[in-house]
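Across the two complexes that follow, subunit A remains constant while its partner is subunit B and subsequently subunit C.
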Partner chain A sequence: MARTQVQDINQSLYDFVMPEVGAERYADGLTPDIVRAISKKKHEPAWMLEMRLQALELYQSMEMAPNWGASIEGLNMDHISTYVAPNAKRTNSWDDVPDEIKETFERLGIPEAERETLAGVGAQYDSEIVYHNMRESVADQGVIYTTIEDALTDPELEPIVHKYFGKLLPMIEHKFSALHYAVWSGSSFVYVPAGVTLPFPLQSYFRLNAQGAGQFEHTLIIVEEGGNLHFIEGCSAPKYNVANLHAGAVEIFVGDGAHMRYSTIENWSKNMFNLNTKRSTVGKDAHMEWVSGSFGSHVSYLYPSTILAGDNSDCEFTGITFAGATQDLDTGCKVTMNGKNTNASINTKSISKDGGINTFRSSVIIGPHAENARASVSCQSLMLDDMSRSDTIPAMDVRCASASVGHEATIGRISDDTVFYLMSRGCSEGEARTMVVNGFANPISKELPMEYAVEMNNLIKLEMEGAIG
Partner chain B sequence: MADTMKLSHINTPPAQTWNYLHINDVSFDVPVAEEHGAAFNRLPRIFDGIECGLGDEACGWIVASSAEARYIEVPAHTRRDEPIVIDIVAENGTVADTGVCVREGAEATIVVAVSATLARDALSAALTRVLVERNAVLHVVEIVAAGGAYRHIEGLGIDAAAGARVDVSQYFLGGARVAAGMAANLAGDGATFELACRYLVGAGELLDINHVVRARGRDTREDMIVSGMLSDGASKTLRETIDLIHGAKGSQGNEAETVLLAGENIRNKTLPVILCDEDDVAGNHGATIGAISPEQLAYLSDRGLGPDEAAALFMRSIFDDALIHAPEPVSAAAVALRAETVLGAEVSRDSLETLDIDFFKEV
Partner chain C sequence: MADTLLKVAGLSAGAGDKAILHGIDLAIDAGETHVLMGPNGAGKSTLGHVIMGDPTFEVTDGSILFNGADITEKSPTDRSLAGMFLSYQAPVEVPGLPLYTFLRTICQMRPELKTTARKFRDEVGALADELDLDQGLIMRELNVGFSGGEKKKIEMLQLLLLKPKLAILDETDSGLDVDALSIVSKGIEAYRQRCDGSLLVITHNTRILERLDVDRTHVMVKGHLVAEGSASLIHEIDAHGFEHYEHALESEG
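Up next is the complex of A and B:
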């Protein structure tokens, strides 16, 4: 079948720059003074500063594993500012948000989504949260949705933060988790009391506007026994010619019998190094669900991790990754099953196009006491041209004889017969291929909230523009 | 006592994953290699470029440690009926370095048989590198049946030209610590590769496998089926890589593994990798890891077999399969000897009689 040149992608919906008027920007690079300055600005307790400095020391002493996948050679911390604060105070009214920042979030559809479908919203712009609000009816049930910075100054919440912060994701996890703990800024702190179900999701949206900067937000979620929460994370940035860095961290504690769903649509710009770390621990009879769409970034290392600690707990991971030109996305997930009768289901899809590189990487560990644990891993990859690449690297480590693991992976292309069939029924070649890709992604997009499913379909459409491959 | 050294990175797969999983390689303590062979005992230099799955470190050690290299050539358009046998007696600490060239249109069978009669701690190794020319046919049977405290390093490298057909049968039936690397380079268009690997890992044993198949030519076909059983205290790692290299249009690769977990304190690690740098290809992987299902147990129970007897039945099936595929007396003897230790003399004898292994009667 004849092929035509693939065109550039239209990302104008996300790729717009606002001026950094009055922003406070710390010097590029990483020094103890910068770390101290961040901590001082946030009026943190001494233990947090101590933790930051310890993390900095660790970061500087740790090496990256030489045998890892995508290269991060283009990332030079000496040219990254770890803290850029917009000229705005945190508020719970969009009217008080500076115009250019408000316009950014309006263009991204956040206030509208808040009015229609969300129980609360946090909006981070560069290194600081600029807007935070939650419906009164939700707050009345005892739900706390605030920033860690604010929680640290609240005598009632500070001990909770101290108890949980950094406990699930230790700073020693890897070099960039150490970096995160040294310079984290901007955050979400969610506490769902026992037995409380939120009728609508909470959402945090992260926008990195500054050039050559890093974003290091920390999300800490605690869902007590029998609670139920859907949390949505969205992120985007305009494209620059220099590297930007995102090294956030997410820690989720899911109590016994609780239910947690964490949805992410990641659409960072293609100069972004997205080295994010996420982990949840799941109690007895509890359920954890990750839904993940990765479309942006130059390089991604992203593997949400779940520890099924309690008996009869289960988790699902549903993810889609779309790698286009200049992208090398190393994504996947990790599950550690320690409880008895635990269940894990992993279902991922990836699409590679225009020379994009996708790597699906997973690990399923079934511990020696995880009797009757069940895990299934399914990974499907679609190649849209012969310039792209797709690798699958799933690891399984089973230490319990009564466990059962099933795994399947397939890599292939859209068959010419399918395209021909659709074209014979009136579709153009581009429409036919977009239709097949949408169908391929549909099992994932239907797991997303409606507006995100629409956004994902739009993203696929944007990515497929001109992709008559 | 000879000085020892550590081979730290044996069986490293082409694409690696988290180091904390300890799945990226395996290590072996080995005696420091003594230079045995003179230059004329080395294989032709063309064999140096053949990848064997074990990695350069282990291959280099085997080449340096073997007393002499053995080179066999199968002339073009001939069929060699007598298998090329590489007989490794584990207690002798044999280290074999063999090169085979199967010329255009020829057909040959290679047998590597590792056996042990005494219960001793020893280390043996076999490295077999094969050039399979255009339209040639190669059959390989590898049987590692040492058991006891024996350690063995097994390497197989195959370079297949256009239209070449290769099938490999591997049986890993015992050994305290066994590392097996195998790499096939399907360089020519239309080359095919089939692998059937079966294993039985017993108490306290470690089996570490690395299979790599690289599809370079167009319209190649690679199928790998691995199945096995782990009993009490067994550890097994399987890495399987299908590498669909840019330009290998029309190629298809399939890999499948079935693992039966039949004991306590087992450790089963699997890393099934598909690397795909081409769009007009298909790569598939499937794995099933688990115990004997309750349905299977109920079925067997109805016929008077308890769980232990059911496990023994699965175990025997692996030995029977190895006996059926052992093409000559040395390999059949290695299997039978090991079956006698694992299944008992009576069951082993019954297998031989049932399968009517003729040539074994002559041994």
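Up next is the complex of A and C:
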């Protein structure tokens, strides 16, 4: 039988470029002057500028490459513009968004999703948020969904940002978190008051249109005691022949008894270096869930981390990563368990094809006081050919005798018997393989909101299309 | 004279360097029921799989004609869409693929079976009742965690949904208890009556054949078809086994 030929991903849904009309683009590379200019443009308080300059100094003193994980060769920071602002003011009406930017988000289905299933939307284009809006009914309950930039100029909100910003993810974490704090721009700030449950998710969508640019958005989410929020993050970019960089940061504070779900569908183009950092801290009796689908980027380092600080808190991480040709995706998660009776459940799947490399990396740390902590890590990999690669690197650091931990990992292929069985019922070879891959991903897509599950199935179908028997 | 539906002529096939089938000649007319018997390891299942186009096996000589067309080089997909069906001895499990979605997909890809969602649901429901299948099973993942009997019933369900011209049943009776065997037999009978289809029943025991109206019986030993006869051949094998066929083949060779 002929070998299956699977074409490259059809990126046409995401791969379109809009002209940079009147965009304000700062020089490539990084100097204190650029950092000052960004801060000045945003009318920031002095403490923020100080923080930026301190981060810049730190960034310049740190080594470029980590000595582990995917190669970031090809990422030359002297050729990355850290700030590209679209020629658009932030607005809460799509009618006021410039046509070419509005068209971009329309093609990505954002305004439609907002009308139908979301409580609020933020849309970032290159370095700035161009659209931000939330349903009135949600605002009436005291929920705040705005940008950090705007919150910093609001005397009521500025102290809250000051209290939380950069406290969970320190700038010294790694070189790119230092870079992030030096040049961050574009952001989401969410505050859910005690006891408030949002009926629909909030969504921020990040689109990087500019060539050779970096995107450094910051997401700060605070859910007070007993609150309940589902936040969705989406991202994409057109493909260029030069490197683009994404080094965002997400900080989530989950109060006692609160419930937080953070979903991501990431489909960056395959010239993107995705060096993103996400962390949440979880209070007692509280619940944190990460649902993560990673399809894009050339290189990813992505390990959302959770600190189970409070007793009886728990977290779930559900993730899927699809690595095709030219992709080296190093993904996973990290959980630090400090509270008693905490529970962590990590469930990931990866699919590799056409020489794509998947590395699953997890770290579970159970502290000395985390009595009766329970952690389970499960990692399943599906290899679609012999050229691809899949590695599993689970680390566990257990310092409490009453803890219970478990880990299982499997690596599989699509068996010829399965393909023949499905073909003997009329499916083409490509359809048969897509059915198996979709089935493999099904436990993850079930966790996504309907329209994102559909998007994920479509992404898998696009990846698998063009198979000939 | 009925039309010839399947004509296998001088077919030899093997896997890797190993020759399994040697010069098989077999013809099945429309509406006929044929039985293929033989001891374990004779190559009966291999013949069923080769007729269906299993890429595990390589055809080294001969041809397969289906409905007058040479399908020797065709993919299993094309053979299925042309009206051929193979029921598996051990149906595969596909985790995450909902059985109902699968059934709907394989029916919708056939223009003659396209129907509305409601009609389809009713049809599947009626067939599940007929086969004594728990409706809950229909919403589960394809064959995952199903018992041997349930898997065979799901094969019968697909057979009755797809209404093929030719059904090859590979050891469908093996490993079934009396009740499951009776239901599977009912399924086969329903297929014959509703679809007027042809059957090639592969088996090495004769119990399932008690309820079948058999037109022709073939005996396979060591990859050779060594005898062909009417339904009465089954009783002879029941009484005397395959041993004398094996001896005859050895002394011939």
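Following the convention adopted for this analysis, the second predicted complex is superposed on the first by the 459 of 469 C-alpha atoms of A that agree within 3 Å, B and C clash if a C-alpha of one lies under 4 Å from a C-alpha of the other, contacts with A are read in each partner's own complex, and residues count from 1 in each chain.
Definition applied: a residue touches a chain if its C-beta (ideal position, glycine included) is under 8 Å from a C-beta of that chain, and two chains touch if they have at least 3 such contacts.
Keep in mind that this is a model prediction, so the values were computed, not measured.
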| item | value |
| --- | --- |
| Touched partner set for A:Asp397, first subunit B, second subunit C, both or neither | first |
| Partner chain(s) touched by A:Gly439 [first = subunit B, second = subunit C, both, neither] | second |
| Touched subunit A residues, subunit B compared with subunit C | B |
| Subunit B versus subunit C as contact partner of A:Asp417, first or second or both or neither | second |
| Touched partner set for A:Asp385, first subunit B, second subunit C, both or neither | first |
| Partner chain(s) touched by A:Glu408 [first = subunit B, second = subunit C, both, neither] | first |
| Partner chain(s) touched by A:Ser428 [first = subunit B, second = subunit C, both, neither] | second |
| First, second, both or neither for A:Ser363, with subunit B first and subunit C second | first |
| Subunit A residues contacted in one complex by subunit B, in the other by subunit C | 469 |
| Subunit B-facing residues of subunit A, complex | 65, 67-69, 361, 363, 365, 368, 381, 383-386, 388-413, 469 |
| List of subunit C residues in touch with subunit A within their complex | 52-56, 75-77, 79-81, 85-86, 88, 91-92, 94-97, 102, 105-106, 109-110, 141-142, 158, 162 |
| Residues on subunit B engaged by subunit A in the complex (per definition of touch) | 15-19, 21, 23-24, 244, 246, 249, 259, 261-291 |
| Residues of subunit A defined as touching subunit C within the complex | 1, 415-418, 420-429, 431, 435-436, 438-443, 469 |
